[in-house]
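Take a look at these structures.
Heads up, the next two complexes both have chain A, just with different partners, chain B and then chain C.
And then the complex of A and B:
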C-alpha cells in the first residue's frame, strides 16, 4: 500500500503548496508512484478523510482552526509543518504585537464585530509536529529530502548551523561589509543563503538555530548602526512567536 | 416543484476557502450565496511600524501565486511616496519579471485548475494518464515561467532581487538568451493549448457588468497607467478609493467593492475589454480564433482571455529580452532617501487591478496601509453572476447546477487568501 498524503491549508498565502508543484514532470511521476495524494484542495476536487501523512500549511489564527488541526492530528500518522507559518508562526505573528481588537479595527473599521481572530501560532503550539519543512517558501530540494526521509521512517538531516556558513560557501560578500544588516548569523541554514545570493539580506524565515547567540547578533546589528528598537523590528518579522504569543 | 439544498464546502481548485450555498424550495430560490470563509491575516495592521524596505517583502506574503504583483505594487507605492523615478533599465526588468508571473499564473489556471472540468476529471493528476502530453507541456510551461522569474529575482514565489529603487542583482544575460529560445518554443506549446480549448464547450452565459483595468496609452497595461472603466472612462489613480468603495458583509471575511453598478469585474477579461487593441499581433489573432471579441460579457471566457494574454506575455517577453540583450545591464545605485508622504502603487495582477496605498513618516516607517486586492473586487460580481445564472439552469439536475456554479467561481480564478489579506 502506498501511503496516503493530504495537504491542508490554514492561515497563509498558500505559496508553499503551489511551490510544491514546481517539481519537474519526472519528479511528479516519481512522487505519484511513491504516494497517493488524497487531499489537495488547491488542485484537486476529490477529498478523503483517510490519510497517513498530513502536510500543514499556514499558521493557526482562529479558534475554529485549533479544532480542525487537532482533528487532522488524530487522523494522521505523520504530521509535517510545511513552511514558515506552520513551522514558526511566520509573518502572521506580527499581528500578535497588537491587541486583537485593534487589529480587527484597523482592517474592518466599524464592521470588526463580524469577524474573529486569535493571536497567530505555529502548528506545534497546538499539536505535536513530526517533521518540519522550513522557509518562506521552502526550497523544493528540502521538501523532497523530507518526503524521502519520512517515507523511509528516518529523520531528515536539516542543518543546525547559521546561514553564514552557506553564504560563505556561495561566495557572497558579507551583507555587513556592504553596509547593510542581516540576520544570517543566528538563522538556520539550508536555503543556500538564497536571499543574500540574490542581492538582499537574511530576514530569518527558517527560524533560529538551536542555541542561537542572539545577544551577540544584537550587538553586531547595533554596531552596524541599528538602534535597539530597530533590531527588535528586524527579528519581529519571523521570530517573535515565543516572545509575544501566550 | 423543485427543492434544492446545495452546499459546496470549500470549493476546490481555487486558491483559498470559499463556499457556495443554494437553497430552493417550491421552485423558488430562497438563498444563494458566495461565502468567503478564509481566515483574515491583517496585513494592513501588520505593515504599520515596518521600515520601508521590509514593506514590499511583507506585501509579497499576501499571496503565494501573485507575490510578484504584490511586491511590484508595493515597491511602486513606496517609490511614489518617496518621489523616486525608477530607471529605464529597472522598468524593463520589472515588466519582464511581471510577465513571468502572469505566464505562470495563467498556465496554472488554464491547464491545472480550469481544464479538468472540461475534460471530465477532478484534477490534473488523472490527466497524466488520459492526456499525458498536455500535462507534461503544462509542467514545462510552468517551469519556463518559474525559471524566467528565477533569472531576474532569485525565485518566483516571494521574489528577492527586486527592491525599492531597482534591482539588487543583475540577471545573467546568457541565461536570458537561453530562456528567449524556450519562450519561442512556448508559443508553439500555447498553440497546442489553443487547439485544446477550441474543442471545449465554454458555457454560454452573459451578464454585462462594469469592467475595470489599468490603462496606459503606450501599451497593454500591467505595471503603469491610470484606471479605465467601461462605464466611467479614465479615472486618475489618485482617485482609486472612489472606484473601489470597499464594504463588509457578514458572510465574507473578504471585503466587497462596487462602483457604478451593483458590482464590477477585474482581471483578464476586464483588461481585454478595455485594452484589447493594444494586444500584440499574435494574441489578437488567437483571440479571433477562439471567438473572443470585445466587449465580451461571458465570465466563463475569462479563462480564454487568460490564454490570449499568455501569447501576449510570451511575445512581449521575447521583445523585452531583445531590448535587454542589446542595451546590456549595469548595476545601479538603488540608495533610497525616505521622506514623509503618501504613495499609491497599482498593477494588473494576473487576477486584475491591485492597489497598494501607503503613508510613511519622515524616517521611512509606515504609518498607514491600504491594499485592495483583485479578488476583493470580483467577489461581488461572482455573487451577481450566480444570481443571474441560477434561474437559467434551475431545471437541470442538481449535480449539473453544482458543477456549473463551481465552474463559474473557478473561471474568476479567485485568489481568496489574497482577498482576506
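And then the complex of A and C:
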C-alpha cells in the first residue's frame, strides 16, 4: 500500500510547490511508483481528503486558514512544512510590523473592505509540525529526500549547523573576506551554500539554527560596516516572525 | 650567560646573582642550547666568537625554538655584518667588551619590565620526540622552470594533477590543465590540500536493499599529483597518516594516499596569520616525494624525499646536480622566509599539554567563547581536523543506496548529541576548549604529532576572531605566568620602598588661566623626565596638606619639564594655587593607561573637550601636532561655559589659524564680546562631517557631558570600540590598592582612566 501524499497551499507565491517536483523525468516516475499523490493543485485537478502525508506551503495570514490547517492536521499522519513561509513565516511576516488595516489599504486600496487579514505566522504557530523542508524555495529534490526518509522509516535529517559548514566544504572564499556581509553563520544549512557559491551572500531563508549566537553575528555585521538599522533589516527579510511575536 | 672566557662568564654571573637573578652559564653554544632545551630562560647573554657553533648560529636556533627569550650580544670583535645579523634575529642590543656589569643589569631589568615578565627559571619536562621516519631517499637536485613545466605536463598524461591557482585575489587548490595556471609562490590556500586525502564528502560503500545484503566498497583510486604543498600542510598530512593508517587502517584514506604524489614547495611568503615556525612546521624533511625551493632565476632546488619522486624526475624531465652556491641559496631564501613570520608562541610547544592540563578550569574558555558562532568554519578549514559523520543515502527506487561520510567538527552544536537528546558537549565553552585541547594536547598524545601546524587558516576564517590556537596558548601561558608571579610576590619579592614616596619637583613657572585655574610647570630636581603618555596622571603632594591626582597637560614630546593645569577646588589645589616659582612639591607617577596612541595612528581623530576636559586632552593634542604625519584628519571640538572661562585662549587662537586641524568651538552662554557658536558641546557634533569607519572619537569633560556626547556619536554610527573617554574618580593611591577609584571590579588608576565605550558598557557604575 503506497502512502498517499497531498499538497496544500496557504498564503505564498506557490513557488515551492512549483519547484518541488521540478525533477528529472526518471525521478518523477520513481516517485510515483513510491507514493500516490492525491492532492496537488499545481499539477492536477482531482482532490481527495484521504491522505497520509500533508505538505503545507505558505504561511497562515487569514482567520479562515487557521481552521483549514487544523482540519488538515487532524487528517494527516505526518505534516510537513514546505518552504520558508510555512517553516518560519518568511517574507509575509514583514507586514506584521504594520497595523493590519494599513497593510490591507496598501495592498487593496479602496477595495480593502472586501478582504480580511491577520498577522502572518508559520504553520507551527497554529498546529504541530512534524518535519520541515526549508528554504525560499527549498533545494529541488529536498522534498523527495523527506519522502524517502519517511518511506524508509527514519527521521528526515535536517542539518542543525550553519551555512558556513557547507560553504567551507564548497571551498568558497568567505563573503566577509570579499568585503560584503552574510547571515550564513547563524542560518541553517542544507542548501549547499548555493547563494554564496553563486557569488552572492546568505539572506537567511532557511531560518536560524538552534541556539544561534545572534548577538555575536550582529556585532560582526557592525564590525564589517553595517549600521544597527541595516543589521535589523538584514534579519527582517525572512526571520522577523519571532521578533514580532515576542 | 654564554661565553668561552671563564673570567667574563663568572664575573657577570656573580654580579647578576647579587642583583637577584638566577643565572646558568655555558661555555659553548652546544652547551647553551642543551640547557635551553631543558630549562626555561627569560634572558640570554651571548658571546659571538665561541668554539663550535657561533653566537649567531645559537641565536638563530633560539629564535626558532624559544622566541620569547631576550638576547643581548657581547663581543670583543664587533662587525657591521654580525650586528645586522644579530638585530635581524631579534637581539635587543649589541655590547662591546669590556661590558660594564651594572649597565648590563639595567638593560636586563628594563627589558624584562617592558615585557611585563619577571625572570622565570622553571624546570621544563621535555617530552621525548616521536620517532621520525627517515626519508626513503635524501638528495638534492636542481630543476629549471622549463624542466618543471615538462615534469608537470608529463605527470598530467599519467594522472590527475591538482595545484594552487589564483582565485579572486586568494589562492586555492584546483585541477591544473596548463602549467601556467599553477601558482608556486602563494601565502596560504583557502582550503587545505588534505581534502584530496579526506574529501568533504565521499562514499564509503554502496549497497542494495533486499533480503541479501549486497555491499560494495567504493574507494577512490584515482592517481593524483598534488603540486605546491607547503611544509605545514605536509606535516598535517603526516599527522593524518598516523591517524588513518597506523592503527585500524582506513581503506578509503589508504587508497587515496597510495595513489597520491606529493610535490611540496617551501613557503617563502607566509600569511600574516601563520605561526608555523612556533609549531616546527615551516620546513619539512619528510612526507613528500619532491620538495621545491624557488631560488630565483627560474631555478628550483628539489629535495627528493622518496624513490617514487626519483622515478618521476627520471621519467618526465631533466635535472642536474646543484652547485655549492645553489645549495647556499636555498638556505638563504629559507632564512629570508623565516624572518617574515610575525607571530610566535610564548611557551615551549613541548609544554603545551602540561599547560592545557593546568588550564582546564580557566575562565578563558567561558569568556573567550562568548562570541563563538558555533559555525564550524575553524574545523572546516583546518588541515589537521579529520572528524566525520556518516549517513545513508538511498535512491528513490528504494533499492540502491550508499553510505556517505562527510566532514563534521567538534565546534558544531550537535557533534556530541545522541539520539535521546543528551548533548555531551552542550555549551560553547566546552566545545571551544575541546578543540584547543585537540590542537595542543590530545592529538599530540595520541599520534605523537602536533595537532596544529600553525597555518593560520582558522584565524582567517573565524569571524569572531577567537579561533587561533596560538592566541589561546599564549593567553593561557600568560595567565599561568601571572599566577606564578603572584605566588612569587608573596614569597620572594622585595617591597618597592618608593611606592608611596614622591619625587621632589621644582615649580619652574606658574601662570593664571582664569579666575579658578592656573597652569604649573614642574621639573624634577634630579633632572629626569617624567616619561608620561598623553592621558596619564600624577599624584601631586604639597607636604603637610596632602596629595591629589592631577592629569598631565603636556606631551612627552615637549621636553623634560611638564605642566599640570589645576582648578582650585580642594585643600591640595588651593595650596598649589598659592605657590610661587621655586617652590618644591612631590610628584608620584605617571599613573594610568593613557590614550591609545597606536590605535589612533593612521586614523581620523575627533577630540571633544568640555571645560577643563581640555587639560588632559591638551597633552594628546600636543602629541598629535608634534607627530602630525602619523594621523589623518584631526578635529577638535571645544565647549566652555562662557567666553571668560575659555582656557588657553592664545593657543585656541593659534589652533583656529592652523590648516592641519579642524577646530570648532562653542560656549554655553555668550556675552557682548562673543561672536562664535552658542550652545552646549553636543551641538557641534552634527556640524562636523565624519567617516564612522575611519574615525576614533575621544571625549573628555564633566561626567554629565558623556551621556549626551556618546548619544550623539552613536547617532553617527561610530562603533563602541572607537568611542573613547577618560573618567574622573577619586584616585588616592594611584597604584591599585586603596580602592577609592574602583568602578565595579575595575581600578581606574590601573586599567583607566581611559576607556573605550565597549569597556564602559560592562561597567554599570561608570556613566
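We take it that the second predicted complex is superposed on the first by the 243 of 246 C-alpha atoms of A that agree within 3 Å, B and C clash if a C-alpha of one lies under 4 Å from a C-alpha of the other, contacts with A are read in each partner's own complex, and residues count from 1 in each chain.
Just so we're on the same page, a residue touches a chain if its C-beta (ideal position, glycine included) is under 8 Å from a C-beta of that chain, and two chains touch if they have at least 3 such contacts.
Just so you know, these numbers come straight off a predicted model, no measurement behind them.
Undergrad: After the alignment on chain A, I want to confirm one thing: do chain B and chain C clash, or do they fit together?
TA: On the superposed model, which is not a single observed complex, chain B and chain C fit side by side.
Undergrad: If you stack the two complexes on chain A, which partner ends up touching A:144: first (chain B), second (chain C), both, or neither?
TA: second
Undergrad: Consider the C-alpha centres of chain B and chain C from the C-alpha centre of chain A, and write down the angle between them to the nearest 10 degrees.
TA: 120
Undergrad: With the two structures laid over each other on chain A, which partner does A:186 touch: chain B (first), chain C (second), both, or neither?
TA: second
Undergrad: Would you sort A:30 into first (chain B), second (chain C), both or neither based on which partner it touches?
TA: second
Undergrad: Look at the residues of chain A and decide whether chain B or chain C touches more of them.
TA: B
Undergrad: Looking at the overlay, what does A:160 touch: chain B (first), chain C (second), both, or neither?
TA: After superposition on chain A, A:160 lies in contact with chain C alone.
Undergrad: Once chain A of both complexes is superposed, is A:220 in touch with chain B (first), chain C (second), both, or neither?
TA: Once the two structures are laid over each other on A, A:220 reaches chain C alone.
Undergrad: For A:173, using the defined touch cut-off, is the partner it touches chain B, chain C, both, or neither? Pick first, second, both or neither.
TA: So A:173 only meets chain C here.
Undergrad: Using only C-alpha atoms, work out how near chain B sits to chain C after the chain A superposition, in angstrom.
TA: Between chain B and chain C, the minimum C-alpha distance equals 11 Å.
Undergrad: For chain B, which residues are in contact with chain A within the complex?
TA: Residues 10, 12-17, 39-42, 44-46, 48-51, 54, 57-58, 61-65, 67, 108, 112-113, 116, 122-125, 128, 135-136, 139-140, 142-143, 146, 153-158, 160-161, 163, 167-169, 248-250, 253, 255, 417-418.
Undergrad: Okay, in this complex, where on chain A does chain C touch?
TA: 27, 30-31, 33-34, 144, 148, 151-152, 157, 160-162, 164-165, 168-169, 171-174, 176-178, 184-186, 209-213, 215-217, 219-220, 222-223, 225, 227-228
Undergrad: Considering the complex alone, what residue numbers of chain C touch chain A?
TA: 167-168, 170, 172, 190-191, 200-201, 370-377, 380-381, 391, 394-398, 406-407, 409, 412-414, 428, 460-461, 463-464, 693, 717, 719
Undergrad: State the interface residues of chain A toward chain B in the complex, per the touch definition above.
TA: Per the stated touch rule, the residues are 9-19, 21-25, 28-29, 32, 37, 40-47, 61-62, 65, 90-92, 94-95, 98, 102-104, 106-109, 111, 114-115, 117, 136-137, 194-195, 197-200, 203, 230, 233, 237.
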